[in-house]
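Mind having a look at this structure? Questions to follow.
Letters A, B and C mark the chains as written, and numbering starts fresh at 1 in each.
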Amino acid sequence: MKETEVTMVRIYLHEAKAHMAELMQFLHDESKVHGVTVFRGITGFGTSGKFHSSTLIDMSLDLPVVIEFYDEPDKVESIIEHLNTRVKPGHIVYWSARINL
Amino acid sequence: MKETEVTMVRIYLHEAKAHMAELMQFLHDESKVHGVTVFRGITGFGTSGKFHSSTLIDMSLDLPVVIEFYDEPDKVESIIEHLNTRVKPGHIVYWSARINL
Amino acid sequence: MKETEVTMVRIYLHEAKAHMAELMQFLHDESKVHGVTVFRGITGFGTSGKFHSSTLIDMSLDLPVVIEFYDEPDKVESIIEHLNTRVKPGHIVYWSARINL
């Protein structure tokens, strides 16, 4: 097995299913990324100041969703460039990681 | 868009809701972190030796919870310093990542 | 508190419970890893081309599962070597991170 560099990506959204479906379709049909996993958080808050409740109850109304994938650095770079036109600034996080092939 | 360095943080807890709520309140009200997402695991085990069952059944009684956030490295450093007084050693993991702003 | 290097690992599987249980047992009983958390995704697709539906409905039939853990780099390296014999190439992702002890 050979160690190969990849870029890990996590995209932070709220449960707006249409938007997520659109991004998933792009990742699946157009960008042909290695693989994608989507996770739903149980609570969270964003930068917008939306959740200024002191209790956590109100936070559960719009659950966070994370789309995660990894692939070759060059491929991911061009995918992120495209995603930047569809996702709000600061909501895509990425870092170097390794896989064995 | 400009690439900006952030520190990603994941805090590993068990489903002790009071504790989680307290940490979330600190992150939301005091540290004013960029955004926080909480995930619930479906199973897991910790260092404590609590789950020494050879089956996985017993593991599901106290589900793991991960609090995840990212923000500027300096800000995160001081948040982690504070969190270290509230979370058991070795349960906060962090690494460098990037976002586009 | 002292900053210590760890290797973070995420293993991407589909919901084949027997396989996951086997890996969890290995991580728990044999490799004595620091701690393990398992997350279930709400949707996803893999490299195999299995999910070539243009809708997302078919993707939900076999939910993705991620096994996550972190520990000392040397220990993780030997664990990954072993896992490579049990998990398909390209499904184990790992990177350097830090904890405070």
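Quick notes on this one:
Everything below uses one rule, namely that a contact is a pair of C-beta atoms (placed from the backbone, for glycine too) under 8 Å apart; a residue touches a chain by one contact, two chains touch by 3 or more.
Not measured: the values here are computed from a predicted model.
For the touching copies chain A and chain C, the fraction of interface residue numbers used by both falls below half; the interface is of the different-residue type. The angle needed to superpose chain A on chain B by their Cα atoms is 120 degrees, rounded to the nearest 5. Between the Cα centres of chain A and chain C there is a gap of 18 Å. The multi-chain contact residues of chain A, meaning those touching 2 or more other chains, are 39, 95. Listing the residues of chain C that touch chain A in their complex gives 12, 39, 41-47, 51, 54, 56, 64, 66, 80, 84, 89-95.
Those residues of chain A lying in contact with chain C across their complex are 1, 6, 8, 21, 24-25, 28-29, 34-40, 65, 70, 95-101.
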